[in-house]
Amino acid sequence: MKITMAHGSGGRATSQLITGIFEKNFNNDILSRMEDSAVVAGSSRLAVTTDSFVVNPLFFPGGDIGKLSVCGTVNDLLMSGACPKYLTCGFILEEGADSEELEKIAASMAQTAREAGVTIVAGDTKVIEGSGGIYINTAGVGFVPEGVQISASLCEEGDAVLVSGNLGDHHAAILSARMEITNSIVSDCAPLGEMVRSMQEAGVRIKAMRDVTRGGLATVLHEFAAASDCCVELTQSCLPVSDQVKGFCGLLGLDPLYMGNEGKMTAVVAGEDAELALSCMQKSKYGEAAAIIGHISGKERGKVLLTTPLGGIRVITELIGEGLPRIC
Amino acid sequence: MKITMAHGSGGRATSQLITGIFEKNFNNDILSRMEDSAVVAGSSRLAVTTDSFVVNPLFFPGGDIGKLSVCGTVNDLLMSGACPKYLTCGFILEEGADSEELEKIAASMAQTAREAGVTIVAGDTKVIEGSGGIYINTAGVGFVPEGVQISASLCEEGDAVLVSGNLGDHHAAILSARMEITNSIVSDCAPLGEMVRSMQEAGVRIKAMRDVTRGGLATVLHEFAAASDCCVELTQSCLPVSDQVKGFCGLLGLDPLYMGNEGKMTAVVAGEDAELALSCMQKSKYGEAAAIIGHISGKERGKVLLTTPLGGIRVITELIGEGLPRIC
Amino acid sequence: MCVALPGRVIEIEGTTAVVDFQGNRVRAEAGLVCVKPGDSVLVHAGCILQVLSEEEGKQLTELFEELEEAAGEGNN
Amino acid sequence: MCVALPGRVIEIEGTTAVVDFQGNRVRAEAGLVCVKPGDSVLVHAGCILQVLSEEEGKQLTELFEELEEAAGEGNN
Amino acid sequence: MKEIIEYLQSYQGRTLKLMEVCGTHTAEISRNGIPGLLSPSIQLVSGPGCPVCVTVTEYIDRLILLGKEPGNIVVTFGDMLRVPGSSQSLSEARAEGCQVRMVYSPMDMLKLAGENPEHTYIFAAVGFETTTPVYAMLLKNALAGGIKNIRLLTSLKVMPPVIDWICGEKQENSIDGFLAPGHVSVITGSRAFEGLAEKYGIPFVVAGFEGEQILAAIAALVKLRGVGKTVNMYTSAVTREGNLTAQAAVEEYFEPADAAWRGMGVIPGSGMVLRKKYEAFDAGSRELMEDREKNKGCCCAGVLTGKVRPVQCPLFGKVCTPQTPQGACMVSTEGSCFNSFNSILPEASASNIEAGDK
Amino acid sequence: MKEIIEYLQSYQGRTLKLMEVCGTHTAEISRNGIPGLLSPSIQLVSGPGCPVCVTVTEYIDRLILLGKEPGNIVVTFGDMLRVPGSSQSLSEARAEGCQVRMVYSPMDMLKLAGENPEHTYIFAAVGFETTTPVYAMLLKNALAGGIKNIRLLTSLKVMPPVIDWICGEKQENSIDGFLAPGHVSVITGSRAFEGLAEKYGIPFVVAGFEGEQILAAIAALVKLRGVGKTVNMYTSAVTREGNLTAQAAVEEYFEPADAAWRGMGVIPGSGMVLRKKYEAFDAGSRELMEDREKNKGCCCAGVLTGKVRPVQCPLFGKVCTPQTPQGACMVSTEGSCFNSFNSILPEASASNIEAGDK
C-alpha cells in the first residue's frame, strides 16, 4: 500500500495506519491507551533528548532507519549517564511511502527498543507531499542515578581517551549503497547500554561520553576540547579503522575521523582507569575493537592534536562543510 | 541565508546554525550545556508526548509553525492532566529553507514556550533535499499531580460535553492562505494551560479532555464514544462556529465538525459541574466562546449523534478521507 | 451536486466581481450575469451563476399550500 | 589533485574491469590500459590510468642516495 | 414548517420512492437528519447526483497518464483526488510523481497558465449543467487573453437524459417523484424537467438546499404523487427559463454527446464535449466514452437507479468501504453507499482502535 | 626513512621555497604533519593544485543556469558542490530547484543517460591531465553506445603552462623546486617537466602520495636545489613517457586552448577544450574563457604563486573562511588558505559554542 495524504488527515485512515502498523509493533499498555500524552512512572533526575533521522537509503547493511532512530536516542541518553526508559516517535511520511516498508521499520524499532530496554510510549504520524521518503524523530527520557555527573566540560589533564570500535562503518555503509560501491561494510548501528553499564558497574570514573555520530570523532573531540578548555592528544596509529573502510575512504577521498558511526562511543576516563575501561568495552557486545586512542593534556587548549606515524603533528578541526566524496 | 546540506552535516555549519538561531532564542542553562541529553529535575508521574508539525504556509494569520509546535505539544500534555515542563524540538529542514524565517520561527517558539511555562531542553537539526520546507517535531514531558486521572475511557452517562470555543478557525486560516481566499479568519493556535488550571483549581471533575486538532471535533468525540463505550449526544445549535468560518465552509463544501483547531479543547465533565466548567473556560484567555454542546448517554454506544435544528438525528463519524475542498 | 453559495457583490472589475460570503472574499467571473455592487449572487466554482431575486419570495408553507389544486389531478 | 588509488583487477568484461580496493569493488573503465585479472592498477574517477609495476622498485632511501651525483651540478 | 413536518410524519398512503439527483441534496438530507423526520412510507433514494463520482475509471486513468507526462500539470477540484481509477487515484498517483494541483475555481487556471507558459495545465473538467458554463467562461477568457497552455479533459454530463434512463422501461422499480437539482436548474430553468414529468406522470419539484427547503419539496412531491407536473420551490434562484446567457455560452463551446457513467454504461445524449472548433483545448476527452467497471460485483447501476439499496450490495462494507471504494456510490461523501456506510457504522469500523492525539 | 627526516630537519642552507602543485600532495602534507618535520629553512608553498578550486565563478554560474533548465541535470564530483559562483554554489542552487547529481565517476553518466533519454546530463568536467582521459573514454563509450543526451561543460587544465606562468619573469619570489604532481605524471610522464626544469634551472621531483614518498621527494628537492633536473621518485606508477594510450585518447577528443584560472586570469595554452568535431557534446565551454574575480581583495593569485602567504591576505579569517570562501584557495579542503585557516584556528572559530549531540 502506498501512503497518501489521507493517512495524515487525523481521521480514519490515520487511525487504521496506527492500529495496523504502529500499535501492532510497539504494543504496550501505555501506548495502547492512545491518549494525548502517555502517563508513566518518573524519577527525581531525568535525561531528555531528541534526534531526527533522515537516512537514505531506508534499509542498509546492518540496519534501517527504524533501528537507527532507537539506537540514536538511546545512546544519547546513555552518554549523559542516564538509564534510558521511554521513547516517543514522530513519523513524517512523504506521499507514496510504502506501508510494507513502514511496517518493517516499525518492527525493527520494536526489536531494538526491546534490546535497549526502552518503551515507546507516544507517537505521531504526519504525511507531506513528496516521493516516498520516511523521516523519524525520536525523543527519549531516561533516569539519571544519584551522583552520576558526566559532561563534555569535565575532561582534565591526564585523563585517557577511548573509542569503542572501528571508525566510519555506518557512514561508509550508507555511502556505499548510495554510490553503488560493492563491499561487505556493515553499519555499526547498535544500542550501547550494556557497554556503558559495564563501565559504570566496574567503577570506571567516566568524565565525558559521547556517541560518535554525524561529524565524526574529530567533531566530538573538538567539542570536548572546547567545553573543557583542554587539549585532546591522539595517536593516529591507535585509531581503529577496518581495512575495508580505509580502502573506501581512499577511493572517495574521505577521512574516517570525520565519518559518522551509530554504535560507537568515545569516553574520557580518569587516566588510571583507562585499562579497566578498555577491558569493559572490549568485553561488551559491540566493543571488540575498542582502543585507547589518546589523552587529555594542557598543550594547546581547545585543540585536538594528532601525532602521525611519521612523528608529525596534525591539528584536527571539527568537520567543515559536508564531507562529500572528492575527486581532488 | 539559504539552508544547505552542509547545515545538516553535524560539523561547523550545523553548530553555527544552532548557536546563531536556536541557542540565542531558546537560551537556557540546560540547553546551553549542549550535551547528548539534557539532565533535568523529575517527578514521580510523568506525561510524555510527541507531535510533528508540517503546516504550509509556515506563517499564517494568528501564528506560525513554531508557535504551533509548542502549543500542540503543551496542549497534549495538559489534556492528560499534566503540568507541562520540558520540550525537545527536532527540526527537519529542506535545502533552501530560509534562515531568517527559521529565526522568526525559533523566536516564536521561545515566546510561546515562555507563555506556556515550558523549557526547551534539547534539540536537533537535520537537512534533507527539497525546496525550502521546514518541519518541526516537538516532544514534551510534564508532571502529573497525585490523584489526577483523566482518560478518554472515563466518560459516563450524565456527563456534560464542552468545547472551549469556535470550531475550525485554524484549519480555515491555513486553507484560506492556500486557496487564496481573503478573510479575517485567524488561527486559534494557543496554549491552554491557564484554562485547564482554572478548571482544575475550581474543582471541576474532568473525566476526559482532548485538544481539537486534525480530524476535528467529530473525530475526537468519536474516540471518546469508542473508548468509553458510550454515546455522545450533541445539539447542533450549541456548536460554536463563527459566521466567517461558516461562510468559508459553505464556499468550499467543508464541515466545521471535521476541521482542525490548535487552541481549542473539548472536555467531558461531571454533569453537575457543567456550568462551573463553562464559566472557567469562558473566563480564561482563549475560552470566550466556550459552550456546553451535549452530554454522554447510553443511547447508541460507540456513536456520536447530533440533533439538527429541524429535530433530525445525524450520525457523526470520525473524519474519513482527507476533508478536501469540494465542488460537489 | 455543485456546491454553490449566495454571496454579495462588493465590487466589479471588468468581467470579474469580488464577492463576499460572510466575510470571505473571492474573485468570481461575472460574465454570465448582469450585476452591480450590492447584488446578491449565487457563486459556483468561482463563477457567478445567477443574481438572486431580492424581493421577498413566498414562504415555503405558502408554496406548499398552493399545491392543493395541482394535487387534485393526481391518481395517487 | 586527483584522488587515485591502487587496486587489484578481479575480472574483465569488455573494456571494463572490476577492481578491488581492500574489499571495495568498483567497475572501472579499462580502455586506457592493457590489464588482466590480478594486475595492480591505479584508478581515478572510475577509470584505470595505469598498471602499476609489480617488480620490487628501489627503496626511497636508495633513490635519495642516488641523487648525490646529480646534486653536484647545483649552484645552491 | 411545523405543519410540513407533521404532514410528512403522518403520511400513510402507499409507499413512495422519491429520488434526489443532486449530491448536495443527498448531503444536506443526511446533515439535517431528514430521513428520521419522514413517515416510513416515504423512502428517499439517491440518484447519480455527483459529477465527480460518476466519472469512469478510464477517465481517472487518463488524467494520471497526462499528469505524469513531463511539463503537464493536472488541475482539479479537491474531491476528484480520491476517485479511484483502475489501479489508483490521483492522490495515490501524486505520490508517484503525477503532477496535480488543487484549486477552488477553474478560473485559477488563467493565472497559473499565464505565469508558467512552459507548463500545460489540464483541468479535470467534470460537472453537470451547473459547471459547464464555468468552463465556457474559462475558454472565453483564455481565448481573449491569448492563453494557449490550457486543456480540458472533459467528463461533462446533463441531467434529463439520465433521469429519462432511470425512469425508462428497463427499470423494474419506478420512482414516484424527483427532487429536481437546484443548481442545475439555475442554469437550465425548471422547464428542463417538464417533458419528463409529463412523460412519466410523476412530479418534479425544484428544491433549494436548506433543510426546510428540502422538507417542503419532499412534502410537495408527496402531495403531487402521480401528477406529471414540475414545480419550482427554489424561486429566489431558479426561473422557468434559467440563465440564458449561460446556456448560450455553453452552446458556443460545447455540443451534446453520448457519455459513460460509472457503473451505468453509456447513456445516449447524456454528455457534452468541446466542439471540434475548440478541439485545440481538448486533452483527448472524446476517446473516453466507455465504462469499464472496476469490480464486477458492484451494484452501482442498481443503487443509482433506486433499484438496490446499498446494504443489498454483496460488496458493501466488506471489500467496499469509504477507504476502498469499489463503485461511484462509495466514492463521494455524497454517494448513497458512502452515506449508508456511515449511518450504519458496520462492525469493521467500530472495531478500530483509534488514535488519540493528533 | 629516519635519515631522510634527519636530513630535512638539519638542513641549514639558504631558505628554500618548494611548491607542490597537486592538491592531494597538499592534503597529505597536512594530514601527515610534514611541515613540523622540516627545518625552518624549508618552506612549503601550495600551488594551484586543485582543479575544482581553480574553476572561475562564471563556470559555476553557467552550471547553475544549465541545471535550472527543465530537463537538464548537472552531474558532478562531490567537491564541486560547494565552490562559490558569483552569487551561489551548486549546493545552494540545488535548494532553488537546480538539478544536481553527485557521482563517483563520469562513467556513471552512461547508465544514467541511457536509462533516462528524456533528460540531458551535463557533466561538470573539471580536471587536470589526470582526468581529461577519463572524459575521453566517456565520449568514446557514449559514441559507441549511441548515447546522445550527454554534454560536458569543460574546465580542463594542463600543468606545464601554469607552472611556467608561476616561474615566469613577472613573479617576484621565485620557487626553488617543484614537487611534480604524481597522478598528472602517470598520464604525461615525467618528461613533461623536463623543459621547465631546464628553463628555470630548478629541480622537479615526481612524488607519490604516502607521507614517506613526499618526505623523500622534498629531501630530493633540497638536495637538488639549483639543479635544472627532473627526477621520478614515483616509479611504480610513473614512467618518462606516461600513458601513451591516454595521451592519444585525449588528442582525439580535445585540443589545447587558453584557460581562465580563478584569481589568476587567463593563461595562454593552459587548458583543453573539445575539438569542433565533437562540439555536439559541448555545453558551451568555449564561452567561459574569462575570470571575473569575486572579491577584489582576494590575494589568490599571490597565494597560488607562492608570493603571498594566506595569513597575509587582508580577507583571510575575516570575510574569507571555509564557510564563506572568497577565493579558490579557501574553497577546497586542499586549498592553501583552507589548510592555513584550520592549522591556525583563528579566534572566530574557537569562540563558537558547539552542538553536542548529533
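Just so it is clear, A, B, C, D, E and F label the chains in written order, and each chain counts residues from 1 on its own.
Assume contacts are C-beta pairs under 8 Å (C-beta built on N, C-alpha and C of every residue); 3 or more make two chains touch, one makes a residue touch a chain.
Everything numeric here is computed off the predicted structure, so don't read it as measured data.
Considering the contact criterion stated above, the chains in touch with subunit A and with subunit B alike are E, F.
Chain centres computed from CA atoms place D at the largest separation from subunit B. Among all pairs of chains, A-B has the largest number of C-beta pairs in contact.
For subunit E, the chain with the farthest CA centroid is D. Rounded to a whole number, the gap between the C-alpha centres of subunit C and subunit E is 20 angstrom.
Chain centres here are Cα averages; for subunit E and subunit F they lie 67 Å apart.
The mean-CA centres of subunit D and subunit E are about 73 angstrom from one another, to the nearest whole unit.
Subunit A and subunit D have Cα centroids lying 38 Å from one another.
Contact with two or more other chains is made by residues 1-3, 26, 45 of subunit C. The set of subunit F residues that touch two or more partner chains comprises 1, 23-24, 50-51, 77, 81-82, 91, 104, 108, 127, 131, 212, 322-323, 334, 349, 352-358.
Shared interface positions of subunit A, i.e. residues touching 2 or more other chains, are given as 5-6, 10, 12-15, 33-37, 49, 51, 76, 79, 122, 124, 130, 152, 181, 210-211, 213-215, 219, 223, 227, 251-253, 260, 317-318, 320-322, 326-328. Chain pairs that touch one another: A-B, A-D, A-E, A-F, B-C, B-E, B-F, C-E, D-F, E-F. Across the complex, subunit B meets subunit C through its residues 176, 181-185, 243-244, 246-248, 250-253, 326-328.
Those residues of subunit F whose C-beta lies close enough to touch subunit B in the complex are 81-82, 88-89, 91-92, 94-97, 322-323, 349, 352-358. On the subunit D side of its complex with subunit A, the touching residues are 1-3, 5, 7, 21-26, 43, 45.
Against subunit C, the residues of subunit E that register as touching in their complex are 1, 3-4, 13-14, 22-24, 49-51, 77, 104-108, 127-128, 130-131, 133-134, 137, 140-141, 181, 183-184, 186-187, 201, 212-213, 216, 219-220, 223-227, 229, 231, 233, 235-237, 243, 245-246, 249, 334.
In the complex of the two chains, the subunit A residues touching subunit E come out as 2-6, 10, 12-16, 18-19, 23, 32-37, 94-97, 122, 124, 129-132.
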